[in-house]
Amino acid sequence: MDGPGRSEHGNGGAVTLSAQIGLQLGALDLQVDFEVQPGELLALLGPNGAGKSTVLRCLAGLAPIDSGEIRIDGTIVDNPVTDTLVEPEDRSVGFVFQNYLLFEHLSVLENVAFGLRARRTPKVSKAKARSVANDWLGRVGLADYAHQRPGTLSGGQAQRAALARCLATNPRLLLLDEPLAALDAGTRATVRRDLRRFLETFDGMRVLVTHDPVDAYALADRVAILDAGRIVQIGTLAEVTAHPRSRYVADLVGVNLVAGTVAGGVLSTASGATVVIADAPDGPSFAMIRPHSVALARVPADGSSTRNAWRGVIVDIDRLGDRVRVGMAGQLPLTAEITTGALDALALQPGEDIVASVKATDIEVYPS
Amino acid sequence: GSDDLAIPTSGSDVAGDVTVFAAASLTAAFTEIGAVFEAEYPEAAVVLNFAGSSDLVAQILQSAPADVFASADTSNMDRLVSASGHATEPSMFATNVAEIIVQPGNPLGITGVVDLANDDLIVVQCAPEVPCGRYAAEIYANAGVAVIPKSYEENVNAVVTKVRLGEADAGIVYATDVIGAGDAAQGVAIPADANVIAEYPIAAVADAANLVGAQAFVDFVLAAESQSILAAHGFRTP
Amino acid sequence: MSKRRGGGESLPVPVLALAVVAIAFFALPLIGLLWRAPWSNAWTYLTDDDALTALRLSMVCSLWATGLSVVFGVPLAWLLARGTFPGREAVRALCTLSMVLPPVVGGVALFFALGRRGIVGQYLDQWFGITLPFTTAGVVVAQTFVAMPFLVITVEAALRQLDTRFEDAARTLGASRWYIFRRVTLPSIRPALGAGAVLAWARALGEFGATITFAGNFPGTTQTMPLAVYLSLETNPEEAIVLSLLLIVISFGVLVGLRGRWMGRAEANMATVVP
Amino acid sequence: MSKRRGGGESLPVPVLALAVVAIAFFALPLIGLLWRAPWSNAWTYLTDDDALTALRLSMVCSLWATGLSVVFGVPLAWLLARGTFPGREAVRALCTLSMVLPPVVGGVALFFALGRRGIVGQYLDQWFGITLPFTTAGVVVAQTFVAMPFLVITVEAALRQLDTRFEDAARTLGASRWYIFRRVTLPSIRPALGAGAVLAWARALGEFGATITFAGNFPGTTQTMPLAVYLSLETNPEEAIVLSLLLIVISFGVLVGLRGRWMGRAEANMATVVP
Amino acid sequence: MDGPGRSEHGNGGAVTLSAQIGLQLGALDLQVDFEVQPGELLALLGPNGAGKSTVLRCLAGLAPIDSGEIRIDGTIVDNPVTDTLVEPEDRSVGFVFQNYLLFEHLSVLENVAFGLRARRTPKVSKAKARSVANDWLGRVGLADYAHQRPGTLSGGQAQRAALARCLATNPRLLLLDEPLAALDAGTRATVRRDLRRFLETFDGMRVLVTHDPVDAYALADRVAILDAGRIVQIGTLAEVTAHPRSRYVADLVGVNLVAGTVAGGVLSTASGATVVIADAPDGPSFAMIRPHSVALARVPADGSSTRNAWRGVIVDIDRLGDRVRVGMAGQLPLTAEITTGALDALALQPGEDIVASVKATDIEVYPS
């Protein structure tokens, strides 16, 4: 049962992950190709149904691929052509599932101890396993729930138990499917901190699926944007967020992304809107406008340094702390970020007309 | 000449288990006989295995550990003998006659086979495949009546049960069954000319493990003491 | 106050009605037996040596049969539920063989297979000197043959209903298939396993045809309760009723007793993800 | 290529070994029957009128028995799984009554209940002129009595394993208990229901003792296949073997046929929350 | 079957919810008491295991209460004393569950149509139900998945299907248990907008459980903070967020909350830290410090207008868009919010020493 996977990783040396994954699954046509370096954490982001969870299942060996090859630390763990397939239990992967999957017939403690007891190498005594499990429960703040059934835990508690169960086995390749999704604001920060602390002392590589940009920013070295089974953007956080190339990323970073064609310092969109920009080469381009550089007014502000102004209707007002994000529909849909004060001053309401203006110099333009 | 293979038996060398395969209808009688036999031969122990005669034949042919086979009819004994031979020539140790079994007090006033032809009556009898069924057919033929029963039972005991429970009004069974039923049912005799006689053969089987014991038991069944026990249960002597 | 408890106890009327009819259907024959039972001399029948011997034998054999059914039946059920091999359907059907087979024929078939002249039986006899027919072991074999299918089919259904993602989770935790089977799969089908075992045990306890044919009817070694009942039907139907009632009382005791320990609801719902 | 499929088909060796033994245990007797079957004149036996009549009757009755078992058994199972009333354990045990009862005694018990002189039977007779003994209806009753428990216990286990939160969800959507039962509960226990029905049907098809005792044995009206087989054993074992094989072949056909339609995996896993 | 609940609400008139809930459930001791006015949306926030989902189950009738009383539109639907209990199906509640609970044996479309078909009043034809269901699927962007099995949907897709299934029945009382939790950043904004649009045309009252402050801000009229089965704070968003009275709320709003005692313009904490504040009455008080009013430096900035400075160690760096939240541990744990530029300039790393300073005038103090 002790496949190449586990034994080779046993030494705790650095490992590499290279994955070319081709898989047809229902409506999903998955075609991704990426590498993860030792000690690196790759975050998979993308809309629902993009195939993020499926990618993780492939890496874990739970979903054998149709084409391509997955190599961990030089060992081929999945290759349909040579008919190679290292079973999940021999891959030494750790998998934190999107929906917990705790064993209902075991106590929370026994759940966390499960992985330690399960593997034959290294053999762990029951007592040892339990004490290790207890440590982990402590770290995720479930010490008091050790002897309850998972079923009596709340959503977030269950999620944390699942996290502990996986981390306890000290896997070589760590796969996290939205590990913090169900945690409340308070706990999330703490667990994220613990998680990062663990990851720092972790020499394997990690793939993280998340919807929360904060998680990605806090934990990931590189980000891959997955959409409809394809990687549309991959690179360091800086690269990806500096120049969003998809609506999804723009939303994630919280900026406005305008696609169009530049001609003589003016970018015109498909919808016919025009954006006056600082110098930029002609040709199809993206324009990125930060919400807080968008000013709102009831009437066009004449004689201001601003040279861009668009009319629109307010569709959305999201308050966030002492700032407010105002969504505007119109020829050029925009999201503006203003202070609560400004909002109260303008007394804005959804459905009202508004004028948004942006300094040309605040607009970043790059070829698409 | 029933004694061509006979082995002289004296109490001394009759010992060990004597396994007797007997027809289910002999259960009561043979249980008693077995006890008396053991009293006679303290060294011996009688092991009784009761089942339908044909089941017993099937078992013996599957080399069940039988020493003696007592059948409720000749045909099953013949099947056994023709298939695996025998240690001693089969000999009749009892006969039985058919009777009509009816409710206690005979509420429907059934007097003979002829009354059974009445369709309002619930008559049950054995299936033609089993002896008592064949006998019933003969009896109807002899009496010259056509009786259509409600059911062809697997064995005579099923017939008795149905009448005892009052689910059936009448049926053709053995005299011994009527006696066995006590006051839960009562019998209507069938005149000898229309009646049939069932013969019960017994024999030591071919590869009997305890041939001496087998021989002794066969002889004991044929002896007076056993015969009186059989008589007490309604059997007649051949 | 029942209303306060909420949950499922206030069943729709039509369903309730049907259920009541079903209960009556099972209750009436029992009442009938109790009604016709000869209470006056019941005790003498019960304390009869042969009856007690038969009872003891029935218990021992039926428990053995149940044990064997579990040991061999659960793996078989797993193979049927999870395995993918040609002729799986045929194998599944094969398991119900002994149910459609008239018991007596079942006994004959067992002779052909395990009898002293049987396909395998002859070698058991020649090489190991093992003969199953007409021995207590034979009774266990006959009962297992008839009882195992009930366990197999019940457990298989449960395995299909089981959410396999939990096993996936266990695999990523490094658990071998065998470990998962023991620590994840088995515990989570406990209710069905319990039900299947009960079915098998009850069936084994009542088994008649195959037993009397394959194992014979020897007091002490192969005469189980149903056989004793059958014989006393010949001589003394009253005794038969009393013994049957005894059989019922005992199985009731065992079932009601086991129930709590075996079929808790908590264990049942493996699928709970959050409360 | 099987390896590629991943999933559960590579079972642990010990389990596999046990499963194989179990299969052999069921296969050997069948092989034995085939081996000893008189192929030369098999056809004459099969085309024998009585055999065909018995076969037809067996089919009709066993299907009726299965139908009744489902109609009454499922509600009963639900009551046992969800209802909370005193003596629930006792009722559950009561359902296994007909399994522990030696078939013949079962028949007798049915007489006490539904016979001409039975507790209820006498009124059926007096008031409606209905008599069950010696009628085809009686066969169905006897078979139902013996078969229903298998359905009840299988379905109940499934109901306990079912995640009740789905029913909660349905309730908040305004569905009545009865609607939920039909549209949520039933569909989600389909695999178990299928298994239970198969068990019940197979058991009914092979039923012998209770039938012959309660309904009697008359060609065309009450002589089912097992009865025909049993009786031909008395005179013509060869025919018995052939007829048994026929019985087996048919049940195989039905089981393998039903299987796909009834026990799909997709329906099975009601508990899926996300893929 | 048609209980008072449904029939009375049938007219679509305004309704009121008043709930005094007492319930003992495992580790949870629930004791809450609140009202929701017609057209009002109350958001329940609180840490995991606080009892939020349980409260909703009580309101829906899925968990009968031990003590207290629940009244909907004047009708008593649950009262243990008088042994009154209106069954869930007769309460006309809509419940979006924390974990979907879609029916696996029905297609996505049939799931959404379920509620419409289930209720006898008003009777809805199959065709009608399906078309309505289709509309709803369209709104949550699942039109293409109408005929798939829920099992083949991704997490977020399933969540949206569940949402549609509930909204389709047009319930009078709407209970939402983290309806947006599993949605990705892009979809969430859209669905939230749809949800709000629906809620605006909804005259019943709604109770929403969420972990996401944005949801609460965007959707809720009032917020109740639930902790360990008790409501620790309840009121309008302004009230609650203006003066956080619990760690949880502070985290939610994203501000620093310091509890201590004011004496002569100085607030001293239990840990011995002192905070110089603008005038405030003496006595036990809370001090609220907004992260972006916290300045970070490597050395104490002398001679500045700032009169508060604390030493500490960086434990946490969360990048969020073009801003960075820096967590500092020390005598006075603080979270500071600075620009990416500032971060790069200071080149801060977790574990390093740092000095945080705040203007006394930027500190808001209120009695606790």
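All chains are identified by letter, namely A, B, C, D and E, in their written order; residue positions are counted from 1 within each chain.
By our rule, a contact is a pair of C-beta atoms (placed from the backbone, for glycine too) under 8 Å apart; a residue touches a chain by one contact, two chains touch by 3 or more.
Small disclaimer: the values here were computed from a predicted structure and weren't measured.
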item: Proportion of interface numbers common to chain C and chain D (over half same, under half different); value: same
item: Of A-C and B-C, whichever chain pair has more C-beta contact pairs; value: A-C
item: Distance from chain D to chain A - Cα centre to Cα centre, in angstrom; value: 53
item: Chain B and chain D, separation of their C-alpha mean positions in angstrom; value: 37
item: For chain C paired with chain D, centre-to-centre distance based on mean C-alpha positions, whole Å; value: 14
item: Residues of chain E touching at least two other chains; value: 53, 61-62, 87, 98-99, 152-155
item: Shared-contact residues (touching 2 or more other chains) in chain B; value: 58, 161
item: In chain C, residues with contacts to at least two other chains; value: 5, 10, 104, 108, 111, 176-177, 233, 237, 269-275
item: Chain C residues within the chain A interface of the complex; value: 165-166, 168-177, 179, 183-184, 187-188, 190, 266-267, 269-275
item: Residues of chain C defined as touching chain D within the complex; value: 2, 5, 7-19, 21-23, 25-33, 35-36, 71-73, 75-76, 78-79, 82-85, 89-106, 108-114, 118-120, 144-145, 148-150, 152-154, 156-158, 160-164, 167, 176-178, 181, 189, 191-192, 194-196, 198-199, 202-203, 205-206, 208-209, 225-226, 229-230, 233, 237, 240-241, 244, 247-248, 251-252, 255-256, 259, 263, 265, 268-273
item: Complex contacts: residues of chain A adjacent to chain E; value: 26-27, 46-50, 53, 98-99, 144-145, 148, 152-157, 160, 178, 181-187, 189, 192-193, 211-214, 217-218, 237, 247-248, 251-255, 290, 315-322, 327
item: Chain C-touching residues of chain A, taken from the complex the two chains share; value: 1, 6, 57, 60-62, 87-89, 91-95, 97, 99-106, 114-115, 118-120, 149-155, 158, 165-166, 169, 175
item: Chain B contact footprint on chain D (complex, rising order); value: 108, 111-112, 115-117, 133-134, 212-213, 215-219, 222-223, 227, 230-235, 237
